[in-house]
């Protein structure tokens, strides 16, 4: 079994892939770009892809979303959410550091630290934190800002841990496969969707959210995407709580199918999150759905209900 | 087969009953009050009841609604909507009419005519238009205001037709039976419901209407009713377009069942109305429901949809 | 000052009028029908009218509602809610009672009592409970079912109190005047409205309720009314919590005015109800409205808010 | 007057800045990162900042959004939307090109062209398209993929125009200033907001969209953002049609202020878009707002309305 992931080796993405249960024992193949990874999955050259989708420090996730929204269908089979922490990696003591390299996104997130602790160091931009670490290992720069895992992979000592200006940052990665039935419900699942809407954005979006809300389905993410199909058509990328097999989700999906110009199902998969699953609102639990279905059957049979 | 209906003989209700297809060939039994009729149905003393429910001129329909809302369950199996027209019935020419009798509701609806055409006549109240007609036939009064059918039944000539101040008035009657499966869908049906709600009336009522609206179900009538179960609980009497057997109605009913304190199904039956059935909104037709259900099946089977 | 009220003397309506603070010291003029009362107000022949509007035992309130919905504008300036209790009024002991008279509505509400306590008495219908009481006083019948006040007015002893089959029934009366500014807010007010809507009943009604709900306004009553203006136009009679002078109500009214085919304001007046006023939802209190308005002013002035 | 913009010189951002009317005659100062630009504005070191916010090819806009969402308040005073087109810039004819450099985002968008026209060229990643162009000018690589403007700035001939795999891509830039009153309404304006919500994401987001929809305000963009303030709090970045000075927008903003945990106003400014302004829904135009306000005044004055 082969997983293609966003290279190079030694970045956050590889660290995240190691935490994906489905990737245990699989061969991990670094590829240079998200479109190449997803196309390799589409063509069957690899069994699965593993790419960042949200809040990544190492590259845009717009590419991931747009690849899932367009092109031949793919589905998400799992996710890994990795806390983002930065270290200052260098063979030198801080006082001796004159140059620091990193990816611009990483530099942006440690600006306070650099200003405070290394005010005189010259900052250089690199294509990735892994490339920065390699260039430090090669002696081109004195230090780099990267993930602990990246420093370790490059054989660089850590001079300071957890140097990000804000804590709590996370990157979310997804395990992508060709269309297939989802894994069994885990009790705390996400279903990802893209819904397309013509015209009247607020009214149509209200209708979409209503289909979810009345079945007790929550959103953990919403993002509007340009569709590139001309003015007046909008797509929304949605992460919803629940699983394709749930009665509530099935009913909500058919509701969206009826009212949207297009609905693309992008998979149901276990949520990788310390959050407990959000309990459904009163009256919208699984037993309420079962009770209501049984009641309808009685009515249709002519009973007094 | 026996139908109990609101007597006495010779009123609008009897005229309406004659138009109900299901009553063809049945014995028609007049009873003096709506509660007695519905209790006779409940106890199995008659096969069906026939009572006014809306906009009646001959008695309150609150009684009908409240009997359907409370007590042992009954369902509506059909309706008849009768245009209400009034005549001036008398053996005398208008110039010779000194006294006019009728039920107060009927008098209220011909006030313009009486003021204009019989300004000097003394108006007397009667318990029903049929009673007024009888008292005219008996010589107690000169004329009465009643339905054409009532004048005919009492053997009174008509001096003026269609004397109501406004045209277009109608009375709606319902055919009530013990709980049973509804008649087959006719393509233009009503489903009657009572939904009970605790607290927050606007928010809860919004939720009820949302369950209907997103399935393309329309209302033809809504009325709030006191429940008599203390403050903060409300019941709504709803007439909805559609039939219990429709997928859209089934899904809406289960939705109401989940969110309401109580839902009482009061029957699905053909609409007696010259209105064409309201077509469902775009995307909410029967084929849209079938398409969406098939699509969900494909998704659950692992297809690309 | 003259109040016209629904006669005859000695009914529930007169009892209720005595409880209206605004009627203290006014001359009370009984008139035979609701339309006559309201027309007398419209023409300025009296200062105010006093009529039942909801759940009355003595006549239909549809007449009241329809008169307020159509015709020249009138507004409600106050309400009285009267508990409905029935007594058995007779100069004879129950064992000696062979005939009982009352209005059909009253008879319907004491059926259990009559069946249980006077199973052999013959029941006669009268035009009103006051008429029944008078006919008992005149010796025509042995007993009548009426309000305690009505028995007292007719000089009849009470043989049994509180004989209604269900308790908690109430009748609501309204004090109606020509259009004028409302009384000052009392802190627990009702605003009555009629809104007219074209076509699509559920969707349009959802829009109406949304305008109320987002401003924290509750409904205490909703009823759909035929408009008599042909198919596809509906009117809803609404009683809302709050007062015309409230910012929340003003904003809601302008919202309704924008989206409805027609809005008829029917007055703001103190609620006659033991219910405490419903507190507005979190964030929708008067101070929240004032805070938000001040914030908007700061924004428009160029502040950082 | 000084504008800080995202450097280096010669990128899309500088091309866009030249099209901003407010920047005419201003000094343009390139700075290396979005946070540095916005902090320079906050500290008053420059008068304004100019940064990409949406769909950029040259860097993430998450940084822009997150800087506007957090930190000391800033507002958007204008926008420029620039069509994104790519050229192949090189002093050599295509047949002689062995190496091509560009930013990874740009490379991703011309993959089809490269595969088809330069299948044997080796592709190198650069930190920006401007850096790639400079390295081509310096002789390090044979060709680069960049904007026409960037090629021109680097003095490189264009070998192929409009080589992007999809057409219609645009980048949106915003003109950011310290809080101040907005420019006058232009008739086609955007108002940008960040609203924060606690808990229940679908229900709360529904409430937010409802406040906009009932005032006829449309969305042109919605994006959920992690707030970094722990679980259960969400922020939404919204671009709405309309201007702070509009009555409809004022009422909607006060509505949001009442129901949201926090609302941050990010400015009203002319839309740079060939789209005609979306006309408000029937009944929600400016004259409808004015009519409704006048009607309310009449009611409060005691008129019949």
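The chains carry the letters A, B, C and D, assigned in the order they are written, with residues numbered from 1 in each.
Operating definition for what follows: a residue touches a chain if its C-beta (ideal position, glycine included) is under 8 Å from a C-beta of that chain, and two chains touch if they have at least 3 such contacts.
Here the structure is a predicted model, which means the values were calculated and not measured.
**Student:** Could you name all chains that are in contact with subunit A and with subunit B at the same time?
**Tutor:** The common neighbours do not exist; no chain touches both.
**Student:** Any idea how many Å lie between the Cα centroids of subunit A and subunit D?
**Tutor:** Whole-Å distance between the two chain centres: 23.
**Student:** Roughly how far is subunit A from subunit C, centre to centre by C-alpha average, rounded to an integer in Å?
**Tutor:** That gives a centre separation of 59 Å.
**Student:** Taking each chain's centre as the mean position of its Cα atoms, how many Å separate subunit C from subunit D?
**Tutor:** 57
**Student:** Would you mind listing the residues of subunit B that make contact with two or more other chains?
**Tutor:** 210
**Student:** If two chains touch, include that pair; go through all of them.
**Tutor:** Per the contact definition above, the touching pairs are A-B, A-D, B-C, C-D.
**Student:** Going by the contact rule set out above, which residues of subunit D touch subunit C in the complex?
**Tutor:** Subunit D reaches subunit C through residues 73, 179-181, 207, 210-211, 214, 244-245, 250-251, 253-255, 257-259, 264-265, 283-284, 288-289, 291-293, 295-296, 299-305.
**Student:** Considering only the defined contacts, which subunit A positions touch subunit D in the complex?
**Tutor:** Listed in rising order, the residues of subunit A that touch subunit D are 33-35, 55, 59-60, 62-63, 104-105, 107-108, 111, 125-127, 166, 168-170, 200-203, 205-206, 209-210, 212-213, 217-224, 226, 228, 230-231, 236, 275.
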